[in-house]
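Scrolling down, you'll hit the structures one after another.
In what follows, chain A forms one complex with chain B and a second complex with chain C.
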Partner chain A sequence: MNEKEFKFPSIYEFPPFFTKQPNLSTYNSQLSIWCKLILEYCKFYKIWQLNIEGKVISINDESDETIGLSLPTKIKENSIFENKSINRRLKPDFIKDIISELQRQQHLEFIDNTTNQQQFYIFWYTVEEWSSLILQWIENTGQQGTVLTLFELRNSPLSSNQEFHNMDHGVLIKVLNKLVEKKRATIMKDEQNQIVGVKII
Partner chain B sequence: MNNKKLGLSAFENYSDIEKQFQNLGNSLLEKQSTELATQLQVFQNALINYSKEHHKEIVENPKFRSEFSKICSSFGVNPLVGNSSNNEELSNIVVKNDEFYFELAIKIIETCNETKNINGGIIKMKELKKLLNLSYNMNSLMPLNFKISESDIIKSIGCLKTLGDELKIIQIGSKNYIKVIPQALNKDENLILETCNFIGGYVSVALLRDNFQWEYIRCKSILDDMVSNGLLWIDEQGEDGEILYWEPSWIHGK
Partner chain C sequence: MGNTSSVSSPRVTPQDKAILQMKLQRDKLIKTQTRLSVIMNKEKQIAIEALQQNNKQRALLALKKKKYQESSINRINDQLISLENLINSIEFKLIEKDFLYGLEQGNKILTQLNKEVSIEKVDKLMDTTQEGIRYQQEVDDMLSQRLNRSEEMEVDEELKELERQELGLPEVKKEPKELSELSELPEVPKTDIEEEPVEELPEQSIQKKEREREEELLAS
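After this line comes the complex of A and B, so read on.
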């Protein structure tokens, strides 16, 4: 087995997995398997944003270049909601169910909640879990009270073995705001009101 | 002989002495551990020989047997290592005692209940065996290459007979299944599951009508019934648009 490729569970090859099951208890299991699958898939490829069609949103932002690059083209073009080898795909109403279930578990948030609910963040760790991971890293490396730029948090070699390395900018902002909320961080902004640095205590 | 150095050069001496102590310590430790290893080996061999010599007694006397397996596990000795010829026989003696079968029975019930929402409470023997072996292999107390066989499962389920026949082995076509639901399968349901296995995992209304000359309404009502019992999954994306009814054990491949 190639370790660079995600190994789908065998149910992904089972055609009825792509049809909403009429039996409620069957459907609940089906839904939870789907949610788990999506989170594992995104975690494996470090995918932070998906659209409603199940495709990875390509990121053009200069500073985020490193994120999209490492993904194989096959992953960028394929939809997680479709299995071409058995010619099955999820219908929109089922996708909606999955999205709201993930939302309920705090593993998903729409990028733009007001106008178009087409794209969303996938938190394979919830924002809460992310914030403790970062906090733990800061404590373990003795950086409490040090001012760090966002670049340092995400891209520095110091954090290269951390799961939040190369984290999506938008997700990071959410995590930092969570830390501010918990009174564990102070955020520094520039003239354009953009967050540039953070001090974590 | 006096090689005691005085003044600054005495410090040099310290590191030399320290090194010598360390060397001595290391060689002592090494000697001790090889001795222990030999002792362990001897003990292991003795246990294996003992189990061979008293084979009959171990098999016949359950009290003796459980004491013997207790000794094996408390010493962390695995009498199965290095004894390939009657591995299976030994593992049957040492591990598979009555207690083991009761424990296995509990594991069977747990596994069946965990998968009930997916398969409606009917699980293929082969799949159950796979799941059980998976959970046993994660248990480090079990001997290496330890395997649960179908006859173990059958024996274990036999232990639970007194609890009624909710947990039961049934035969569909040529294959064994384990059922954890109170109701029995009727003839039509049996035939449908058998056909699924035969054709490649699924049936449809047309398929049943053509093969068994059933009326449309009979096909439809029995299939819907089975779906609402969780025994079949529907697939709306079949090639010619007809709903296909899949048997859930195909989730785990052919």
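After this line comes the complex of A and C, so read on.
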């Protein structure tokens, strides 16, 4: 799927990058580089969910088996917060800082915000940006007012060249809710009260 | 999470629900198809492996299974096509319905507008317009008549004065103005010339007589 590997910036090989810098301004730029790195990394591999250890959460909901969402196992097992080649890893408190910074930028959201703050969504585009992307696609393909299934939205050949192709189910729901907020979409549910379709104008 | 169908967000009609159901069915078919093709490929691999292990029966079984999956996939393909067709025609029918509705609305407005522009009304309007015009003409006539009566005398007098002026100095006024009269001028001298000698003669004779008289007086 991904022929090329993600090219880490050279700073990723630099041991002090993994320790919290005492100088505040240095620390701030360190933090912002970390945030950028994580977003780019996730965007490159189309990673939607990470856990607090920086590992990809492989989700196997029913539709993913058809997509064959296959990350290289190396990526699946590695943690973004750890560089084994220089034997460095981030300390949990630094990770927390990064997470809250990403949260502030609306690029991160805990999957379960109440009890289990172990796993989070990574929005390499913010939900707002995603919703505009989808709206634009709907408009460009003349699908306003058409009923679309979520499966169709994520997996149809029409959307195959779109960045939201194979989008994480949970992220998609968030984006769609954003569209509902904007009064541009209505969500349709099935008998089990599961969101299955959407009508976007 | 809200199924909030508020004022401006798109409304979900029963048709939409039906289409959604069909599309969900279609999605299911697609998923089944993908699953079957995965299984199919696996069976093929099993067959190859079995052949490598010289287990012909197992290979045959795997191939049979593969064949079965293949036919299932084909069946699903057919179903998919007919389902897609159905969805498409329903969606198109909906558009047609909207189209008809639009036509109907347009027609309604047209007939309503036509009602407002009824022929009787137009007739009446034209009548009143004509009446207005007639009235205006009457007013015009009346005004012009009144003018004539009140100022008839003055106008008459003015005419007479003009005539007097014109007749009093007819040649002075006419000569410089009109070329046609200028061209007529040369005729005048002709008659004059003919008359002149007649007139000249007496004058000359008188002058001659006077001269003679003077000469006689001088001589005497």
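As a convention for this text, the second predicted complex is superposed on the first by the 194 of 201 C-alpha atoms of A that agree within 3 Å, B and C clash if a C-alpha of one lies under 4 Å from a C-alpha of the other, contacts with A are read in each partner's own complex, and residues count from 1 in each chain.
Note that in this section contacts are C-beta pairs under 8 Å (C-beta built on N, C-alpha and C of every residue); 3 or more make two chains touch, one makes a residue touch a chain.
Computed from a predicted structure; not experimentally measured.
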Clash-or-fit label for the pair chain B, chain C on chain A: fit
Partner chain in contact with A:197 - chain B first, chain C second, else both or neither: second
Which superposed partner A:136 touches (first chain B, second chain C, both, neither): neither
Larger contact residue set on chain A - chain B or chain C: C
Touched partner set for A:177, first chain B, second chain C, both or neither: second
Which superposed partner A:29 touches (first chain B, second chain C, both, neither): first
Partner chain(s) touched by A:51 [first = chain B, second = chain C, both, neither]: neither
First, second, both or neither for A:187, with chain B first and chain C second: second
Contacts of A:118 with chain B and chain C, given as first, second, both or neither: neither
First (chain B), second (chain C), both or neither touched by A:106: neither
Inter-centroid angle chain B-chain A-chain C after superposition on A [Cα, multiple of 10°]: 80
Which superposed partner A:145 touches (first chain B, second chain C, both, neither): second
Nearest-approach distance, in Å, of chain C Cα atoms to those of chain B in the combined model: 36
For the chain B and chain A complex, residues of the former touching the latter: 117-118, 120, 202, 227-230, 233-238, 244, 246, 250-253
Parts of chain A lying in touch with chain B, wherever the complex brings them together: 10-11, 13-19, 21-23, 25-26, 28-29, 87-89
In the complex, chain A residues that touch chain C: 62-63, 65-66, 145-149, 151-152, 155, 173, 177, 180, 183-190, 195-197, 199-201
Touching residues (chain side chain C, partner chain A) in the complex: 1-12, 16-17, 19-20, 23-24, 26-27, 30-31, 34-35, 91
